[in-house]
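Lettered A, B, C, D, E and F in written order, each chain numbered from 1.
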Amino acid sequence: MCLAIPARITQIDAAGENALVAIGAVTKEISLALVNDAAVGDYVLVHVGYALNKLSEEEAEYTLRLIEEIGLFDEMQDTAILASEPPTGHQA
Amino acid sequence: MCLAIPARITQIDAAGENALVAIGAVTKEISLALVNDAAVGDYVLVHVGYALNKLSEEEAEYTLRLIEEIGLFDEMQDTAILASEPPTGHQA
Amino acid sequence: MTTDRRFPVRLDLKNGTVDMSHGSGGRAMAQLIAEVFQKYLNNELLAQGNDQALFMPPAGRLVMSTDGHVISPLFFPGGDIGSLAVHGTVNDVAMAGARPLYLAAGFILEEGFPLCELVRIVESMAHAANAAGVPIVTGDTKVVERGKGDGVFITTTGIGVVPDGIAISGDRARPGDAILVSGSMGDHGVAILSKRENLSFGTEIQSDSAALHDLVAAMIDVAPEIRCLRDPTRGGLATTLNELAHQSGVGMQIREQAIPVRPEVAAACELLGLDPLYVANEGKLVAICPAERAEALLSSMRAHPKGTASAIIGEVVEDELHFVQMETGFGGSRIVDWLAGEQLPRIC
Amino acid sequence: MTTDRRFPVRLDLKNGTVDMSHGSGGRAMAQLIAEVFQKYLNNELLAQGNDQALFMPPAGRLVMSTDGHVISPLFFPGGDIGSLAVHGTVNDVAMAGARPLYLAAGFILEEGFPLCELVRIVESMAHAANAAGVPIVTGDTKVVERGKGDGVFITTTGIGVVPDGIAISGDRARPGDAILVSGSMGDHGVAILSKRENLSFGTEIQSDSAALHDLVAAMIDVAPEIRCLRDPTRGGLATTLNELAHQSGVGMQIREQAIPVRPEVAAACELLGLDPLYVANEGKLVAICPAERAEALLSSMRAHPKGTASAIIGEVVEDELHFVQMETGFGGSRIVDWLAGEQLPRIC
Amino acid sequence: MKYIDEFRDPELARRLASAIAAEVDPSRDYRLMEFCGGHTHAIFRYGVQHLMPPNLRFIHGPGCPVCVLPMSRIDHAIALAVQHGVILCTYGDLMRVPASERRSLLKTKAEGADIRMVYSTQDVLRIARDNPSRQVVFFAIGFETTTPPTAVAIKVARAEGLQNFSVFCNHVLTPSALRTILATAGPDGVQLDGILGPSHVSTLIGSQPYAFVPREYGLPVVIAGFEPLDVMQSALMLVRQLNSGRREVENQYTRAVTEEGNRKAQALMAEVFKTRERFEWRGLGFLPHSALELADDYADLDAERRFPVTLGESREVKGCECPAILRGVKQPTDCKLFGTVCIPDNPMGSCMVSSEGACAAYWSYGRFREAPAPRTALS
Amino acid sequence: MKYIDEFRDPELARRLASAIAAEVDPSRDYRLMEFCGGHTHAIFRYGVQHLMPPNLRFIHGPGCPVCVLPMSRIDHAIALAVQHGVILCTYGDLMRVPASERRSLLKTKAEGADIRMVYSTQDVLRIARDNPSRQVVFFAIGFETTTPPTAVAIKVARAEGLQNFSVFCNHVLTPSALRTILATAGPDGVQLDGILGPSHVSTLIGSQPYAFVPREYGLPVVIAGFEPLDVMQSALMLVRQLNSGRREVENQYTRAVTEEGNRKAQALMAEVFKTRERFEWRGLGFLPHSALELADDYADLDAERRFPVTLGESREVKGCECPAILRGVKQPTDCKLFGTVCIPDNPMGSCMVSSEGACAAYWSYGRFREAPAPRTALS
């Protein structure tokens, strides 16, 4: 029910109301009625034909780095240093 | 469009509105709204689900006798006597 | 009943209805097949459980024929879409003089169709197939949304083997040949019409729906020279004769008074303004054979329970225009044309 | 064009529509058959013009299979209901290891269906049948009232001959056997979905609809020991494996990462919340063969243009519960159940 | 079937044929117009013309309600179904009648309009009761035979308070058409020696309305039943009138027709309908007082008022000779379209639609006249 | 697919699994409620539980909108479709949910009601525009994720003046359900050590609304994405909070969730909806201020007001343990109907319908736990 997936905006119509988004090689027309300032190239979370929110690429990368480092940390056993810094604007 | 066929009334409903008629071994429910005094046993002309008129059996027999006699007349060449008398109430 | 581990809950065959999942390819469809189709149609080849049936055919030429069945109403006096779907294809196979071997059946079900009616239909198919000795060896089920179908459509395909020495085809009629029918015309169509909502009338007439392969076997036994066989279904006798006349490049001359028509059928046709020659049959055949074999053939047909009212109704003539002409019962003469337009929709 | 004396006026194939008279059995139906079906499907057996086709089969065991086609939309990327109706049945015949010989086709047309679309479909069938070398030798046409059908339904039935020494059946899988697929999963279903009004999305994905009998011929050449073949259509790979597991009384163990899925198909499935393992294919097959022949079989499949992306995806295991289990790409393990409910209505 | 089979007896037909052959004056023509399509149908189906001497010729009249309905009325009915989305109910005969732009009710239905064939006006009432949220329009057509059943339905609908029932009225009056035929007969029109008068129409209106024919036009009339022996006997009666110089209204169909007709039905029609100022007939043009519409008291059930439609100009098919055929001045074979583009499967004019239409009857039953005589291989 | 595939990486999963295994305190339990069905689905589909140490157990929460909808609301929707003949539009998940008397929307559709699956509220608007003579009702359901699209449709319908569009509103509020779970947790209820907080709901409402959880109930919360690595990382974050004695709201799903959420969508919801006094949740009973209805300004678009219905008493299936499962106090296998009469093809309760329901996920993906370990013939 709450299925939503990340998609990249490839086109925005003149009125700024609808966008074409790409999920891999698949494209879909969605409504931008729920988001502000979406721009071509942005990633948004798509749910039942609407962009719910913009997706932060920096945060996504940061999360992945964290996970990778957890692994490294794990493998290095006792090393407690986290190399990754949270992106600016990282929020709770 | 003006297809109508002779059928014998076999049943009349309590209200006298509808009848079951028989055409040979086939039965059909029809409306009696257009005829007066129809009784079980009467022949009626059935058209688009309605009895249009009662059919005179006497007249029918008379017509057939006439035709038969025409033939006889023809075969007897010059005999001009018609044996059949019109039924009482023969009209037009 | 053994329980199938795949289906913890049995189908509700009393109150249940078909839904889209029964055509999904998934568990629900497998269950419908197991608890309805395989249960009633039950035979060795169907039990192979594959998407195809495998068998060793007898030696000889084969024929293959297919017919969709979309009749309305589904249940009618003298049969239902299930028995009709068996007879209709068995007959088309038999009309080559063939012995029918196997049937395949494809079902297109409408969402919401009551399972109890489906069971009645499949049971009836099973009964008809058993009676004919022609098992339904493979099948398919599709479901369409409500309003995209009409309860159930059944397409059956049959194969059969043609005995050596038999050459029956619609293009083999020759001037001088005799034209025979195996019984009264129009019973099926009139039985269907009697149940149509807007036309309904009372009659004892039953559809003549029947498998004719045994009659055909008896006929070719006596008269292997038979030239043409065809079952006068949609379009009736009139259209079938026109088809054969066209195919063989001949004309036909028939006698109205020789054509068997039941009085009830004649009466119903009067009531509805129809001509019995155009009304469908599902258990009758037209045969054309050399004139000198006509009487022998007629006797063999009359001796068979499905041909007791057989008659010689006319002869093949030369006619460049391929007209079917009829001496009317009244003493006149007229053309008997192909059926024009639709006389009776959804009769088979 | 020669004119047929029966039909003074040619059908209006550009602007005309199907009406009830085209299923009446009369002149209008004869004309539709002549000017559409016979014209495009044109072959010697069909030209016999009878209600059945007569032929001499090659020696050997035969298979027979039937499938109704009710797909919506009728035209889709990579095919249409016409080509699908040919491929669908050719494949079911081929899945016995058989060489398909002939097809029969039953059409159920909806009143009002544009004749120009019917012509497109019949042309496409003719093209697919010619390409496959499997002629449509007999047929049938019915017409149903508007709102009782959905444009056109096509039921095809095929027969084929099984080479000596081949024994392929869904009940022959044995623990230890290898499980192969002939290419990427889900292309057909995703192509159909992309054209559904409420779901439409943009994609280059085409239906994989194709006749696989030549691939099968190449496969049995190399590995006549193949145990099972099945085309994972409705219900997808997941359901087909469950069917085979049930039929053979075994379990299966597959590896998600070994199963070919195109990135576009994966993306569309994410968008719609679907699992590609349940999405239909119309030009792929699942094969099960003894483990020691798996690599040879795989090579032969990959060498064939319709099997370039073939893969070994798992093995048959002993399992009293007949579960299909999968090692997920993520590293976990889960059951792969039969399709429940209807994932994608009217996909074939 | 009683009172049907007897009137199709071949032996009696032979006798009647001999009598007619014996009685006709070989030096003159007997050009008899059978007014009704019912007669036309019987003549062709049973091969009656075949049994007549060469100088007795049946001329097909305008008495086919489907044939005389102008195209504009079919266009109007289509507009009702399409523009208002009503359930349009009609007798099956109308489905294939050509409308403008190669349309028909059948095609309109195939395209999705809700058009239903009914057998009886009682079916229409049932449909209206079963579909309270839909408007149901009865496309009423026919002569006086078919008019009273429409009147009954209208009265029932009123009594039941059926809000969703209305009638698109196309009932026409037989005597008016007959008068027009006769008024235009003569050197430029059809040449007639006598009239086979309407059969079932007369059961309703009686024989009296034809009195003007001998009186004003000096032609004999015999009201004739629809069975083939009826037609033959009536022909003989006309021959005898003509031979003896009588010019009267005679009644062959006495088993069903009286002088005054069905008074109950007449009263019903008078209550429910009123005469239109004028109405168009295919072939005959706009005829005054020749058709019915709903009486003022029932005007709310008039579909023409309830559902206004936008109509283009109706255009008859070029080359169709229906108008001349309906006036009796041409035969189907005089039409270039007959059997070339116009056949019952592809009718270009209304006369090729109804089995009572001259063109359809001629095509379906009569083409043997064009065929070479059959040669049997044995004979 | 970017930002999807990366979060399903098996190598990273292995690393996370090792880290969790290394960090859990073997002497205690980690009973983590994954609030959302999206989490449940991921856990089963990817086999996440498999990768956890035995003392870390996921407990399925009530965060499946289909699961928590009480039967009476499905009955109500069916009544709308049947009693008013409307076009009822709904998301596909709802079609098979059991209603009273073994009915469902699917069966009702099969019986002829006009019930249509839609992918988006934009489809509903299109259907309404395309069918001006029909009433179109959107059966709206969902948590805060799915609510804003309904709000947009309502505003568009108002702006366009669509007279035939209305909404049967069943949107519910996540924090209210969470509060109820926690209020009843403890010795008699579910025993929990931490919460995997909603994923996409939180993109809308932000992380702030969960502050009451640590504050009032002393439990840690980690807002967790729906990909399997998200779930695993969040589990690790909860383990760490628990091990270190912290009780905070943390956000694992930072790529989509901020503290304040989507202000634009929140404003829209606030304009179009108002909070209901109370609303029934399956399993949780009537919860105060737990659901939305249309605000007074939009009350004319409220299908409940526009189309009054007659409803019988709704009766849950006897034996169905959905309520207890939704509260986290029972597992699917505790239900006697599980896998006997209740399977996804024949769901007896809502938890067997949605692929996010615990019973459905457990049946479809998890039955291997019941199967004997597979023995391959080769190994």
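Brief remarks on what is shown
Just so we're on the same page, a contact is a pair of C-beta atoms (placed from the backbone, for glycine too) under 8 Å apart; a residue touches a chain by one contact, two chains touch by 3 or more.
Keep in mind that what you see is a predicted model, and the values were worked out from it rather than measured.
Chains that count as touching both chain C and chain F, per the definition above, are D. Each step here moves to a touching chain, and the least such steps from chain A to chain C number 2.
Comparing chain pairs C-E and A-D, the larger number of C-beta contacts belongs to C-E.
In this assembly, the chain whose C-alpha centre lies farthest from chain A is B. With centres computed as the average of Cα coordinates, no chain lies farther from chain F than B. Here the spacing of chain D and chain F, counted between their Cα centres, is 38 Å. Spacing of chain D relative to chain E, judged by their CA centroids, is 55 angstrom.
For this pair, chain A with chain F, the centres built from the Cα atoms lie 22 Å apart. Chain centres here are Cα averages; for chain B and chain D they lie 64 Å apart.
Those residues of chain E in touch with two or more other chains are numbered 1, 4, 14, 119-120, 123, 343, 345. In chain A, the positions touching at least two other chains are 3, 5, 23-24. Each of residues 19-21, 26-28, 263, 266-267, 270, 273, 321, 337, 340-341 in chain C touches at least two other chains.
Every pair of chains that touch is listed here: A-D, A-F, B-C, B-E, C-D, C-E, C-F, D-E, D-F. On the chain E side of its complex with chain C, the touching residues are 1, 4, 8-10, 13-14, 44-51, 96, 117-120, 123, 228, 343-345, 355, 363-368, 370-372, 374-378. By the touch criterion given at the top, residues 201-204, 263-264, 266-268, 270-271, 273 of chain C touch chain B in their complex. On chain E, the positions that touch chain D within their shared complex are 106-107, 109-112, 339-341, 343, 345-346. Within the complex, the chain C residues that touch chain E are 174-176, 198-199, 251, 253, 263, 266-267, 270, 273, 275, 291, 315-321, 323, 325, 328-335, 337, 340-341.
If you check the complex, the residues on chain C that touch chain F are 8-9, 17-21, 26-28, 31, 111-112, 146.
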